[in-house]
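Each of the two complexes below includes subunit A, the first together with subunit B, the second together with subunit C.
For the complex of A and B:
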């Protein structure tokens, strides 16, 4: 017996039982039967045809008008069959796309993964979480000589285009010679790369800094990026780490201003993406002061625990639905 | 019954004639009621495309017999503007008429075999086959 014959038989059984004693039980079975039909990808016009076949057998003396009306119904169902098959094909396509994105996302993870280097002088913590599958935020640590270079970037835009762009930034940074590790020069270089290679409707903000353990100075420059914070332990206060500069990719000739700060023992440098400051709660956008007070709440913990705790609290405040990619980095001078 | 029969398509009434021709032949060949409805729907769609986009053309229906395997083939011919991006029109969800038309992917799914050739400013030839099971 073919699958179709089995279905016909089952339908005939159900229908004759129902016609004899119109019970809710049989109707319920009918509803469950429809699930089976969907499983076997029986289209609507096939079901109507099944009904006609069964009715022909149950009522051989059915009036001609009744019989003809079924043919008309069948014709009218064809459009639904069309829609049903289109739905199936679109669903298949969607599954295929999703698995492709899945692969791309894990590839991105591998490509962009940046190990946190070990420094005796510094305690480093980092958390970077994408809002969707692909992360449009990018952070990078490089140990060059005795110095630490740290970068945070954010593409204006989300998802796959942003992620592709991020990969380009990574390779551009990797290929820059070491003497250009001065933050403002690095940004000028990257700006030219972005201006030449990226569509004019896409912009990248970036913050780059270099920590020099000998002088305990933090050199930095910014390209339109969300300002970070610096915490001075001596006065127990947070200050904005403002670095003025145009976003990358606007003009070929943009130059960036070099900034520097002295970092004392116990001081912290905090870098972030706008996914942190643009956290939205039911009360509206979160204020920068609230982030500061969250950091303050946890700042006696190791840097990695601080960033993780801050992320978890902000995530919870937003009902576990990130609206933007979220990156938070803390560097704390230990000795 | 071996000869191909054609219907000229110039207006909406001709679509009905094309359907009638297809249904008669499908019945004669022994197609069941669902397949008859599918074949006539495919004919409707192809004829409507001619009527809407080419203005005029023809629908030909022919019985086929390949080594004892029987079927029915629909050929839609026109000398209209042609289709610039065949790949696009074969994508789901792309219907220039904006209506509920199932479009060419729908026709393809209704039938067993489907082929399309089109040259811009020369015309389009679509052929679709349904085999008798």
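For the complex of A and C:
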């Protein structure tokens, strides 16, 4: 028996039971049966022709007008049949497009990954984990002359626009002349690029810093990004690394304030995305102090081990379900 | 989690009373209600956030979009009643400097 025969038989059973007893239960079964019809990709006019076939068998003496009316109904259903097939083919195409987009977006993300550079003076640790397939967090290291530039950004918005935005940021950063590598000027430049090119409810938060080995200074500026921390080894204390400024992409004329800090041997600069402090546990949010105490717990390890251990503990606290992308970067001055 | 939006209108002033969370799941719903209101020239949209205990960056994006739209359409957008946690993310992102936020912030829980 073919699948179609089986459907015909089942339809005939349901219909004759209903015509005899007219119960709600059978009506409900009819409703469920329509799902089966959709699964089998039975089009609307196929169903009408199925109905005609069954009625012919159940009522061989059906009046001619009744019989003809079904033929008429069949013709009137043709348009719905076309719509149904079009819907199916669009759905297939949509699924195909979605998977292509996913592949493209993740490919781009791989291309944009920044290598952690070798830098004699600094021990560098990085962990960046997406909550979903696409990471909205972006980090970038660039060695320029003897200095090291580091950027952390959080792109608000998902999918293709966010992925394109990320490459826009990367190439805008790469193409800036060296004298523009001052963090506050870099943010002003990027802000103009972003403001012109993103749609209205998208924006980017970014922290940018430059470590200069000659002066042992860390120059930085922020565009609405979650503040990082600086650890001073001499006094054994963590301080917020506050860098005030409006997020990128809101107002074309925004200016950013330059900040600087002296980094001594053993000091750490800690940068993060808001995913780190917006971590939620069953007991509430994780506060910044808790992040500090986690870093403190592991800070005698190499920087890479510190960030990985902190991530694992936070992940466990959240029941291994990241709600937001997570990025944590530690720069520790060794000599 | 859910977001509840209650709307009142007095003359040209639309007030939105929000309760719940504004995150990636509920942000589209808020955008759908709020954005058309900011597109009415000369109108005022007041958003009461005292019932919001969590807002993420996608939620913030809706307010950024509404701010841009109100500037483009000569309408005004005012926010009020932020809890400390919500106020913090407006402060970090620098949006408190460019948005009309009514003072008299309420604490986390009453």
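The rule is short, and it goes like this: the second predicted complex is superposed on the first by the 227 of 335 C-alpha atoms of A that agree within 3 Å, B and C clash if a C-alpha of one lies under 4 Å from a C-alpha of the other, contacts with A are read in each partner's own complex, and residues count from 1 in each chain.
We adopt the following convention: a contact is a pair of C-beta atoms (placed from the backbone, for glycine too) under 8 Å apart; a residue touches a chain by one contact, two chains touch by 3 or more.
For clarity, every value in this text was computed on a predicted model and none was experimentally measured.
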Subunit B versus subunit C as contact partner of A:46, first or second or both or neither | first
Check the residue A:74 against both partner chains and state whether it touches subunit B (first), subunit C (second), both, or neither.
-> first
Which chain makes contact with more of the residues of subunit A, subunit B or else subunit C?
-> C
Considering only the touch criterion stated at the top, classify A:233 as touching first (subunit B), second (subunit C), both, or neither.
-> neither
Which superposed partner A:37 touches (first subunit B, second subunit C, both, neither) = neither
Where does A:89 make contact in the superposed view: on subunit B (first), on subunit C (second), on both, or on neither?
-> first
So, A:172: does it touch subunit B (first), subunit C (second), both, or neither?
-> neither
Contact residues common to both interfaces of subunit A (with subunit B and with subunit C) | none
Subunit A residues touching subunit C in their complex are 154, 156-158, 200-203, 205, 223-227, 244-247, 249-251, 274, 278, 285, 324
Can you list the residues on subunit C that touch subunit A in the complex?
-> 24, 31, 56-58, 60-62, 64-65, 67-69, 85, 89, 92-95, 97-98
Residue ranges of subunit B in contact with subunit A within the complex = 32-34, 37-38, 40-41, 92-93, 100, 102, 105-106, 109-110
In the complex formed with subunit B, which residues of subunit A make contact?
-> 45-46, 49, 52, 71, 74-75, 78-79, 81-83, 85-86, 89-90, 93
